[in-house]
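First up is the structure itself, then whatever we jot down about it.
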């Protein structure tokens, strides 16, 4: 006697087979080429992530032209501070030095963004100033040279 | 200031205490409340149907097909709120083609497909095949062909094949029960597996989701049964309501116990996050947790159900009460989803503050969209009941 | 409909059906086989063993050195095109002030970009300090674990990155990060977070926050290289990661971390 397979089973098996095949074929075309190259992600994404343009040039780029400032800075407490900390992103200026000017911040508020007194700052890390008491009405750079703060102007 | 960010500035002004600056935006809105609610209805309705089938609860027979079709119509839209809340919905297919095996959300796609294609569709197909063959012979024109296609061309209605329909349907039901458990337990796992969020992260969450799913599904079937009977001008069988009501009562108790257990555990262990959760529960979640979920959704229905076991006088009043109970229970379960999903995002992961949440009306993740996804399955159900009317099925003697 | 015709019809269908079934099965088999051969991966793409020649980045933040100037947070927004708004930060600075009564006041106005103003009167302060926050580049990161499509992942250098062309914006990763480091970019509509300035590292530059930190409170380096400054620092100091009990495998080590920090 032949083994009996109900017609529903064969028909459903067919339907499922078609469905799964379709899925696998579709999947074959849809999965990005580099997917799985290094792990469960698109390998090409590593390249994408390295693509964006930089805005901060890094201080070595600055020193290529501004050797004098490098020397000046090296002699005083601001030696460790990179140029773009105060001057802002400089990549544009590096590329187009004539037209793209760099930020030249000045004013008590600006210097205060680091030097204002706050209980959260370690005394050994930074000289703190009470902006409401220290030489009111004067701009910091009237006395201090920002590149060499202790070389007082007066 | 970009007007685009206006709402975020408003929230910033309303934040209490300290929140991480990126927590300003609630990531999952009302659509993600609707999503587990709908999946829960599916699982619950299916489990009720299975009860009838596996345990041969004769009295529930009139609700069997209704429950199955309800489950199907809600299941068909179950993933829609999830997809419509994505900010790149056109990429949703990626979940199916490159599912990340360690992601609960990715595997959900397959659990869902399994449940849809292998369990629900098959069970309904086996159940209706005989009738569909008969209908396709009776009807003319388009309908004839629609039924023909639905039978997948298997139009053998010899007793042997019909016997196999029933046998296979039974097997599917057996497979279906754990599948329904997994389907909704899995939705709970999507939340319960996030260790970053102490309000979600709990091994009990999947089980709680499951039981509240059953509660809501049973209530929904009760409601649909009453409405369908009313629309067909047929008398509502009070015995059916009593039987469903009994199940509802026991599962509601279980659900209530489990949820209390989860909270008691939280309170007793009083971990790092306890203070903030205490504030959350007694503040922002007070109304939806204690009033909507606890009182309206659990306590009142429980008392009413007990009362209905003894009160057997005015039939009309009993029916009305069952109607109200099922609506209340649905409100309660919806609030539970809200408390989990929204509640879990209201407090900061720094455990030091709260953000605030305002539901928008329009937009892809607004209230209207959520309402749409809740109403759509009702339309589908109406269509399915018209296409596959349970009351016109070919009678089979047992 | 007579019995004989129906049987014959069935038999006919059966043979043609069998043929079709055969073709279908072969087709399916071939596709599976091909996919298998292509990368021996059907649905799962296993991670490749780590390349020992590449650096394996770790980070140090020295809390004692941080003066709360917010230069890092500002530079980060500039460098990575994050909207200049008081929310959405890849890195931000918090100030913790522990009062004499034991309560803790945490603030981070505009992520610290405009600096901090101490609102607690000096006589009430028990101690106060700044904590810069950024992605911890976790090695067992909860965020990459939950991404359903593999749109966020750990690069071979141990940097947790996002694939902006593949992210579906489900926000699951945002929920999963215990440190609040992720957000959905309001313009790009995909997940966004610190990349450790991967694009700069690849060009041999420091991350923007480290370039602009005036006190050198932030440091990055190769954890594989036992002679790197970073490894030396870790050897000489007692450091701690945030939320160690969550076992995220964080590679951002804090020096001088106080127990109030979350």
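We call the chains A, B and C, going by the order they appear; numbering starts again at 1 in every chain.
We adopt the following convention: a contact is a pair of C-beta atoms (placed from the backbone, for glycine too) under 8 Å apart; a residue touches a chain by one contact, two chains touch by 3 or more.
This structure is a prediction, so every number in the text was calculated from the model and none was measured.
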Connecting every touching chain pair, does the picture come out as line, ring, star, complete or other? complete
Which chain has its C-alpha centre closest to the mean of all protein C-alpha atoms shown? C
Averaged-CA centre spacing for the pair chain B and chain A, given as whole angstrom: 45
Geometric centre distance via CA averages, chain C-chain A, whole Å: 15
Chain centre separation in whole Å, for chain C relative to chain B (CA means): 33
For chain C, what residues touch not just one other chain but two or more? 10, 44-45, 150-151, 166
Two or more other chains in contact with one residue: find those residues in chain B. 98, 100-101, 156
Per-residue multi-chain contacts in chain A, two or more chains: 7, 27, 35, 40
Which stretch or stretches of chain A touch chain C in the complex? 7, 10, 13-14, 17-18, 20-21, 24-25, 27-28, 32, 35-36, 38-42, 45-46, 48-56, 58-59, 80-82, 84-85, 88-89, 112-114, 116, 118-122, 125-126
Okay, in this complex, where on chain B does chain C touch? 1-2, 4-5, 8-9, 12, 17-18, 20-25, 27-28, 82, 85-89, 91-92, 94-95, 98-106, 109, 156, 190, 193-197, 345, 348-352
Which residues of chain B touch chain A once you look at their complex with the stated criterion? 93, 96-98, 100-101, 117, 122, 126, 129, 152-154, 156, 160-161, 164-165, 168
If we count contacts the way the header does, which residues on chain C are in touch with chain A in the complex? 10, 17, 20-21, 24-25, 27-28, 31-32, 34-35, 39, 41, 44-48, 64-65, 67-71, 75, 78-81, 95-97, 114-118, 120, 122, 125, 127-130, 150-156, 161-166, 195, 198-200, 202-203, 205-206, 208, 211-216
For chain A, which residues are in contact with chain B within the complex? 6-9, 11-12, 15-16, 19, 23, 26-27, 30-31, 35, 40
